[in-house]
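Next up: the structures, one after another.
Each of the two complexes below includes subunit A, the first together with subunit B, the second together with subunit C.
Now for the complex of A and B:
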């Protein structure tokens, strides 16, 4: 029972971590709260629905394509719509809101309001200690781990990743050192959307696909990021796993709505005691 | 354009439903009149530099509170309306000190989560709130033995509240309190150093705007007679943001204009509902990129450059 709850929590938490990473990356670098983040998740899932579900393209190729489409769109949107608002928190937030509802309504116009499903590429279960794991969730979790690992290596060792960290720490000083921040903004937004698109693509066979499917993961990413601290990647990992685990435990013991309310209560407590989140820096 | 001319036009628009005299026009006008105080309440928070996604939830608390007090406890409607709104105020007063310790992003995220949770409670606590299938049979509003049944009556009721809330918000804007809000938004450290108690004023503004939203919710409950969680969700926050962005945040006239323009849109786009959000989004982007101060900037020249 306990093993099962932990396993379920980690499986759910890993996807939250991916969503929260992108969300927190955009905030850390551009100081923009991306309300449209869930819509890039939706785009990833839509691409998988089209390529894997309809055209029979191999699953992982379809997921990668979903991530790529989402990243390309994100990069363009950043360059055209967010760039004029750099450094302005409130207009940036409202812009992301506008982009979110535009993407939602385009999905609604293109696919209609009906929820659709994709056949599961993997089926069956296996057991770990006393916990039963469905293969499809296992594949999602393993892929999530690979994505998170690659992202970590990218940030720590690639020139672009290091430049991103520099811009997140101090935009002006890093531009004095020759880091062109405009390009970094586009790259960061694109990579954040890549992560969201991959998460959406991976989760496409697990849940139903519809224009509003991004709202739940975005709410989760919000909660995770407040908990972990905006702009902090270790915070996002900690927050994601904490929320995943607490939800899994509470939804087994109580029900899923109470679990969501409880996770909100946890966040309130954290904000009361540590206003910048568990691992947040003082951002002002 | 002279402000006085704008008010003449708005007054003429407010009287227009009687000239056309159809139920449908009265319905749209009533919905506009219910939304204006809500847009104003969000505007008050925006003036403090804080985007509150919680106000639809406060409207919902006011609406459900008012409805349940009249239905279950047989409260007189006026008392229920005030108690429902006071309930929203108390909740804002409880959560405000937590939410408002932080400016900007965290505040938005917290109010967003708060709104979602309140909406989930409306959806899931079916015994009390009727869940997604809704709460039926809210009695009609009555005052001094006068029972409001026709849509015209509710339009008048809502209009009275529009005038009251507009006057209150305008008075706040022009008073020392308004000046203090502006200074808190522009330079909090400086205004605190000259003695402004930032947190208390923010909590006061948050609670007052929750009260206004709660009354709007109560009027909505009496008018529609049926409540479901859906109208009080995130979508309404988006609508309110659109109203403020199109109208302009800097003056209380902004959200008023915004509401008059935005609320009829779903009715005009009936049958092409999916295009409504698209139009909202495109309008928002156009105003953000090309007319940041909103429509009021066409009417009132800005007092000073930012």
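Now for the complex of A and C:
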């Protein structure tokens, strides 16, 4: 049972990490807490429902399309609605809530209220030590690792990635060094939405698809980044895996309600003892 | 024709038209619906809203509802309460004070409990689908429950299982809310009374999607049966699928809340095979097929099975109004339920008035529920839970 608890926790935690990466990227660069992040996850899943579930497009192509649609929409929304609010946390937060509600309502009109499902592209299970791993979740976990690896390489070795880090560290100084912050904002928001869309697309066959499906992942992403430290990517990895594992162990040993309480209790403890999160830094 | 004459003719014509329209309005019988039309409860809320509209359209197409020789067009006015008691109260005020409604359907337990006293004070005849036993008590005169509660049908359901399946070791799984707690208590009690071994019960949050940790624990108990209780349809499907993925080979049973099609959609045909479920409909019945087709035309999706209960309950209400012979005197209409029932349901079963055993007063339409087994992705009726 211990092996199964660890496997369950890691599989859940990896999805939390992808969601949290996008969430924390936007905050790190734009100082905006994007409460509409879950809706970009939902959009990715809806694109997979349409392309893979209804039109028979290959699964990974549909997932990529879901990520692209989320990214494109995110880029437009950033340029039109968020750009005037960069650095202003409270108006940005309210704007993100409004965008989230609008996107949910549009999905409700387009999709209807009932939760829908798509056929699983991968079925069956395999065994690791004594733990059972469903193939669909295994594929999601491997895809998540690939996405996180590519994202890491992008941040460390591409000009755009380095420019993003520069803006996140010090917007004024990076601007003096010739980094055009407006373009960085759009790119960062688009990439964050790309990650959310890819996560939603990958999870579409695993869970059900509906207008409100983004709420829980968004809540988890929020918990993870608070735990790891707002704006910290290594913190998001650590936070995601910690939350995934703690939920798995506590749900199995106690019950799921206590596991939920424990997630927030851990966050409370960290916020009280280390307000910047496990790996966060003080921001001006 | 000079301008003055034309103006006079126009004014007289307008007045006549206005009078005719006012007359037409006076012969309209309004039924209000308060239900969640958006959010997680929308699949149920939409059938609560559409079923009376389908019946109203059928009656209006035949000239209207005949009450002592006078024809009434039936109009259905719906408001979205988003599953919130406060929004339900606002909707109720609009229906009663602005729309002049005296008859209504209230879907959720939260809305019903918030409006229970108002319904009695305002003498509004209300049909509720609230599952909570507290919705109706010995003081209820105007509030009617529109179907049988789990208290009514679970005993016969579990008795049927005792006689027809060999599995005996059961774990009960329910949402962590009042509905789930009530169902857990009831199921555990009845399973034990029927000789089943209850290995334990587990509760989960409604929004939960990842059940693998919880199922890891349940599978460790080595059950032969997992009761999905009052889980919502899509959630029940996810539980079935994830349990199969973790290697569970036993049987599933869904005792409360009909949802076999949605379970199959979420779980897959193979995983759901053999699942025993409560059904509100026999899919082979022509009456159900007719209203399901009308719903699909209107909404674009297949209806939840609860559509039959809302359709039948509205029909009972209209029959009670006809029996009372007076659309304005709601006291007479409430009293006339006892004369309107028994009457046939859309599926041909007999609807009766009852409920005294559970709530102390006969204010409940006793519907007929079915027991089904999923075979090759489709529910097959194998018995009745009476």
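As a convention for this text, the second predicted complex is superposed on the first by the 283 of 284 C-alpha atoms of A that agree within 3 Å, B and C clash if a C-alpha of one lies under 4 Å from a C-alpha of the other, contacts with A are read in each partner's own complex, and residues count from 1 in each chain.
The rule is short, and it goes like this: contacts are C-beta pairs under 8 Å (C-beta built on N, C-alpha and C of every residue); 3 or more make two chains touch, one makes a residue touch a chain.
It should be emphasised that the depicted structure is a prediction, and the values quoted were computed from it without experimental measurement.
In the three-chain model built by superposing on subunit A, subunit B clashes with subunit C. Using the contact criterion defined above for the overlaid structures, shared-chain residue A:61 touches neither subunit B nor subunit C, since it reaches no partner.
Contacts of A:4 after superposition on the shared chain: subunit C is touched, whereas subunit B is not. Using the contact criterion defined above for the overlaid structures, shared-chain residue A:215 touches subunit B and also reaches subunit C.
In the superposition on chain A, contact is made by A:99 with subunit B only, not with subunit C.
In the superposition on chain A, contact of A:108 is made with both subunit B and subunit C. After overlaying the two complexes on the shared chain, residue contacts for A:257 are found with subunit B and with subunit C alike.
Once chain A of one complex is fitted onto chain A of the other, the partner contacts of A:153 are absent, as it touches neither subunit B nor subunit C.
Overlap of the subunit B and subunit C contact sets on subunit A: residues 105, 108, 113, 215, 257, 260. Of all residues in subunit C, only 37-40, 42-43, 45-46, 176, 202-205, 207-210, 212-214, 216-217, 220, 234, 237-238, 242, 245-247, 262, 265-266, 268, 299-301 touch subunit A in the complex they form.
Residues of subunit B that touch subunit A in their complex: 46, 49, 51, 98, 101-102, 104-106, 108-110, 112-114, 116-117, 120-121, 123-124, 234, 238, 241, 245, 274-278, 280-282, 284-285, 288-289, 292. The residues of subunit A lying in touch with subunit B in their complex are 27, 33, 81, 84-85, 89-91, 93-95, 97-102, 104-106, 108-109, 113, 215, 219, 222-223, 225-226, 230, 257, 260-261, 264, 267-268, 271-272, 275. Against subunit C, in their complex, subunit A makes its touches with residues 1, 4-5, 8-9, 11-12, 105, 108, 112-117, 119-120, 123, 125, 132, 134, 207-208, 210, 212, 215-216, 247-253, 255-257, 259-260.
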